Amino acid sequence: MQFNVSSRLDYEVRSTTVFVLNVEAAALRNQKVLAENLVLEPPLALDRHVANDSGTRFVRVIAEPGTFSVGYHGHIELNMHDADPATVPEVAIAELPLEVAPYLNPSRYCQSDLLGRFAQREFGGLPPGHSRVTQICNWIYEHVDYVRGASDAQTSAYDTMVLRAGVCRDFAHLGISFCRALGIPARFASAYAWQLEPPDFHAVFEAYLGDSWYLFDPTRQAALQGLVRIGVGRDAADAAFATIHGDAEMTGMQVSIAPADDEAAGEEPTVRAVGIA
Amino acid sequence: MQFNVSSRLDYEVRSTTVFVLNVEAAALRNQKVLAENLVLEPPLALDRHVANDSGTRFVRVIAEPGTFSVGYHGHIELNMHDADPATVPEVAIAELPLEVAPYLNPSRYCQSDLLGRFAQREFGGLPPGHSRVTQICNWIYEHVDYVRGASDAQTSAYDTMVLRAGVCRDFAHLGISFCRALGIPARFASAYAWQLEPPDFHAVFEAYLGDSWYLFDPTRQAALQGLVRIGVGRDAADAAFATIHGDAEMTGMQVSIAPADDEAAGEEPTVRAVGIA
Amino acid sequence: MQFNVSSRLDYEVRSTTVFVLNVEAAALRNQKVLAENLVLEPPLALDRHVANDSGTRFVRVIAEPGTFSVGYHGHIELNMHDADPATVPEVAIAELPLEVAPYLNPSRYCQSDLLGRFAQREFGGLPPGHSRVTQICNWIYEHVDYVRGASDAQTSAYDTMVLRAGVCRDFAHLGISFCRALGIPARFASAYAWQLEPPDFHAVFEAYLGDSWYLFDPTRQAALQGLVRIGVGRDAADAAFATIHGDAEMTGMQVSIAPADDEAAGEEPTVRAVGIA
Amino acid sequence: MQFNVSSRLDYEVRSTTVFVLNVEAAALRNQKVLAENLVLEPPLALDRHVANDSGTRFVRVIAEPGTFSVGYHGHIELNMHDADPATVPEVAIAELPLEVAPYLNPSRYCQSDLLGRFAQREFGGLPPGHSRVTQICNWIYEHVDYVRGASDAQTSAYDTMVLRAGVCRDFAHLGISFCRALGIPARFASAYAWQLEPPDFHAVFEAYLGDSWYLFDPTRQAALQGLVRIGVGRDAADAAFATIHGDAEMTGMQVSIAPADDEAAGEEPTVRAVGIA
């Protein structure tokens, strides 16, 4: 399936400001960029960096006072591995590729070390495998309210366990924490998300199962087969679409995604279904 | 029913130390002290204070370096109000005696303000009344492990919601928090607890229902009709059996309670049952 | 000195709502209400309660859907005890009236149990007395930024120690926590505050020194001799000007205070000075 | 300078247990392993992994019930870059190698996002460069007590800011947090530490300055030129010497380090001095 994604961020820059941007589709084995362009207004020199372990692409640019905008358009081909969930196992720690092990560690927003007893009580007795992570997502969906404004940039999984309200990033952080507590490597992903209403950058998570990363969206708001990943990391701290060092204010933001081929256009969006990366 | 209670605390005092002790049975309408004595070794002058709103009795004494011990024996008559739980209603905020309202406020270990959404989700739909508080206790018993050493003096209900392990004081703090979040005044009580094994000071909570305070023990470890209350307050911060200002180390502690009349002796201990204060 | 104070709260009530209001001047030994009136629109029956230990006055009223407003006017005489700070001692725990001891306990927003080491390090070596509490206020003023919006209703002294920004209630919570950690009873007070700009309900704290409660304002925004106290309690949880049980939205709020006699009118406002209750 | 390092960990294994061990000296540009051996008793097959970005070396082994021990001996050459601190600058975000940027992000134990205001207030006005990080270390040394048992595996920099006590890992977490809050990339390092008394695994931190990572030890307990690094990561979560999946109890632990050449033997240990990696 192919998708056209685009985003545009507008800023009013008040003093020389360094932007580290992460809006381009990640370079992944099963996510090919067929065509893309990044337009800075005014045009500015930029530095690029691709994170080795996740394919996350960063652009750094120095903007002078005035208006500054960054527009991105990408034509992306997704080749999701569409396995039968029942056949996707968890990986024993004895078998796990050790380069994946850091995604078992607790992180800023995912205190998996503190959620272990709860995770064991609630999910420890379930049959291991892809279905267990789906059960984790179901629990989150059923026990946490999706409420804009109920959380902020400081809210962690620890808080969400008590407060029981949040947005997509909080849902993802909770899912990641439960997985790690159970010995399942898990990481955060920001994405262009087909079917998401209203259109926005979305946050989901990936769990390492079988021999690859599988996508999960505990908010059930997006079609998993239409997630074009942007930033992948330990949690939201690693996947900000813009980190601003200086004095600039966002004045506008647009995000969109649409099917780009007949396959995608004709397919029934599988909102809430099991998508597989 | 009548009970004989006793406790003995031994200390090694290293420098002049002020003890504020709270080991005597509280002076309550339905808890009469028939006889008691408090023995300090060495004998020392003491100041007394009874908290107006709860009947909690404090003794202050200044101990010099050396050994210091405080022994208490009390012969206590309990006249519990043994109502049918089904007839005990919650009290609408419009009808609540306003002097009870402070027990709706969050406190150090009971952040009821942060537990509101969870409490509403989990208990908001249950029929109000004594049975709803029993359901709260059941939830705690079923979702939190009783584990010595899993919590410490800093652990609050917020933490226990995530960590899911604790001891009697943590169980009580969680029960208090849920009640307050639902508009039910609730307070902490330390007690001599019949049937508690091993014998120790116990912690339970009281909820204001109908026109009085009712006892609840989410740990299900003690017989509710055999709770001789010592300290009553907003949470454990108000009901320490000893607050030590100086340099002293506890070297021994003994706590006991036994039926003192035929009624008590013959009665089947109602561990886990609904007790009513 | 005499002051005229007034406040007006306007609400849009959407369903039958119980208000517990605390806007009247507290009934205190050194704060006499010479005249006052409370006007509810529409006129409604009300229940009253005065807290024994602090003189805080609560009014409960049940409002039906529509507009609801409460207006208060009071003519208040303050007879502050204007001692020389240098003569006001701390009270040793051995001498402290035991009814004041609960104000040594940690509370929801004042985790004095966790701030002990810092308080000892920073203030433990200072000469005890009124001046030490002034030093505490100076520390807060110098180390915490007064920033509207930097904190919210959940922010506690623990948080403010790290975040270093807040408003009057956060400043008060920090002052209370340090005092309690040092063995000085301290409590929260809401107040009509002369010289406060813009006019609003203010939050300060009281420390028990010598043989009475002394006022402190670490924000240095109000004249201490012009504080007409409204609610007094362990922390902000006990002194909300309005607690709303139901569905109502505040649509307006006005607060004012002005000198009512020649003495007050002629006096130089002692902003930042040591005021004494 | 050359050092001989060794460690031995003994376990009683109760059921089949997977150990992920990190006790070998890291493979770093300026830290060469001249000779080493790792002895498992009983001998067991092992998997190895070296983290790309930090040279941290992990060994995975599956132990069956019984005793299990791992012994490591390494002969290590350190070629520290011994620059004059006054010539080591901070790196502007516009110039920073982007692969280093993740070490600006907050992590589990280093909530740099919450410590920004304090860091700016306390260190923001200091001249940038190596000396500013030294000032950060000085602040930690002067404001936090080194107290065994005052913290635990859950303690984060946020907590240490309030509690003001901890051990080497807490000191490192605070240093990392302040650096990141100021825009200086910083990471955690576990190490064999010359001069540390009693011998143990030590925790220090590295700040990215000039064009490399520089070592800092806010505890002032070790000689910086004698730190043989083992694990390097975002914080202690990434650098455990042993992660245990199963049921095993540690029954013994020995750690040692000693100079292995005349240069090291003759050198005055620079405890508290500026060491440079």
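For reference, chains read A, B, C and D in written order, and residue numbers begin at 1 within each chain.
FYI, a residue touches a chain if its C-beta (ideal position, glycine included) is under 8 Å from a C-beta of that chain, and two chains touch if they have at least 3 such contacts.
These figures come from a predicted structure and were not determined experimentally.
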Any chance you could name the chains that touch chain B and chain D both? A, C
Looking at chain pairs A-B and A-D, which one is connected by more C-beta pairs in contact? A-D
Classification of the chain C:chain D interface as same or different, half of numbers criterion: same
Calculate how many whole Å lie between the centre of chain A and the centre of chain D, each centre taken as the average of the chain's C-alpha atoms. 30
What's the distance between the Cα centroids of chain A and chain B, rounded to whole Å? 47
Where chain A touches two or more other chains at once, the residues are 114
Indicate which of the five shapes (line, ring, star, complete, other) describes how the chains touch one another. ring
Mind giving me all the chain pairs that touch? A-B, A-D, B-C, C-D
Show me the residue ranges of chain B that touch chain A in the complex, using the header's touch definition. 114-115, 117-118, 121, 143, 145, 158, 161-165
Chain B contacts chain C in the complex at 18, 20, 47-49, 51-53, 58, 60, 62, 92-94, 97-99, 101-102, 105-108, 110-111, 113-114, 153-154, 183, 233-234, 237-238, 245
